[in-house]
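Below you'll find the structure I mean.
Labels run A, B, C, D and E following the written order; every chain starts at residue 1.
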């Protein structure tokens, strides 16, 4: 799964009817202090997340198991709002 | 899901018969102001999108749930035409 | 889906028996004029494609829906031979 | 599969109920001496791994087959704790 | 599918029981003469491959269709040992 920050929202009136009722949020993946830009992406929301929230996102076909209509064509879904993320900084490189 | 702009169209006469009737559009993924080139790709269209439209695309095996023949060998489908996309610019880096 | 050019062929005598009878071609993905090298990969062929042909390729588990033995362990398949590909050059950056 | 080191842990109180009872660990992929930074990611744990352990991780929809609730929306799971990893250094480039 | 060279082996005593009996090999993807480093990864072996062998690897959920326990949590499997790989060098860029 990926940790990211909700940075936006998307509206689409004309869409697959199986997507009706879903909220689509734009997620900026965490960089964990690394020197690289991660690609923004859009996820359906299953948690009531809002702008600025740190969220846990599941990608791929597993995303469909999180929403009520498991035939909805989604490939990313917010499955949790992150309370805390503890990273050990002293990990040696290998 | 990915947001992109429809920039082209592909024709293929000789193809898997399960693809008959589908429209194939070339999509350029949004860069969200980031300094990187995203790879173009081809998506089946389920929305009647045209050149220049901003679209929402689902990738992977979930793409198949959006079209009538769910055995069609596709891995990307346009599932919506984007009305608006609001991005919050003040998100701090982490 | 991905557009690419067939640039080679692979032979493997010792292989999973469910792959028997399939042709394996090496595909070089199109760069669409972008300044990046895409990774070559191997796809099963369902169209009779040959060296130099421009092809449409489906990746992931959806590739299996294109061949007769849907339990064959493949993750990429050529699903069409491209007649033409029209790209609109004037798309503004966003 | 990917080999990585467990470098952190994630807590989320508000989450998909199908994730209840799972432990979420942050994994830093091995670089095998290569000059590139791999993206950290979050995996559910099925092995009792802890900070500093070298682990084997399965990604994608196959991750779901490792846990008791195969409808849980996860896309990465720690499936083993690595005892040893022998890499042959003399492999020629091709 | 991906072509690579077997460069190592991984041992894990503590692992998902559905992985018992499988061999895990480290694969270095071919670069086809391109100037980029590909990420090493771990694949289950279904062919009796050894260090130095050139192999064909299937990734994603399709990997599971190659082994006897199709519920084993794997996302990459060696499906063939490559006899030869012919690449046409004269392909023009596009």
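Quick note on the criterion: a residue touches a chain if its C-beta (ideal position, glycine included) is under 8 Å from a C-beta of that chain, and two chains touch if they have at least 3 such contacts.
Treat the numbers as computed from the prediction; the structure is a model and nothing was measured.
Chemist: Could you name all chains that are in contact with subunit B and with subunit D at the same time?
Modeler: Output, common partners of subunit B and subunit D: A.
Chemist: Would you kindly state whether over half or under half of the residue numbers at the subunit B/subunit C interface are used by both copies, giving same or different?
Modeler: Different residues, largely: of all residue numbers at this interface, under half are found in both copies.
Chemist: Quick check: how many Å separate the C-alpha centres of subunit D and subunit E?
Modeler: Distance between chain centres, rounded to whole Å: 18 Å.
Chemist: Let me have the rounded angstrom distance from the C-alpha centre of subunit B over to the C-alpha centre of subunit E, please.
Modeler: Spacing between the chain centres: roughly 29 Å.
Chemist: Of all the residues in subunit C, which ones touch at least 2 other chains?
Modeler: In subunit C, 30, 60-61, 63 touch at least two other chains.
Chemist: Moving around the ring in the sense set by going from subunit A to subunit D, list every chain once.
Modeler: A, D, E, C, B
Chemist: For the complex, give me every residue of subunit A touching subunit B.
Modeler: 5, 7-16, 18-19, 24, 26, 28, 30-31, 37, 39-44, 51-52, 60-61, 63-64, 71-76
Chemist: What residues on subunit B touch subunit A, complex-wise?
Modeler: My answer: residues 1-3, 29-30, 32, 34-36, 38, 46-48, 56, 58-66, 77, 79-88, 91, 93-94.
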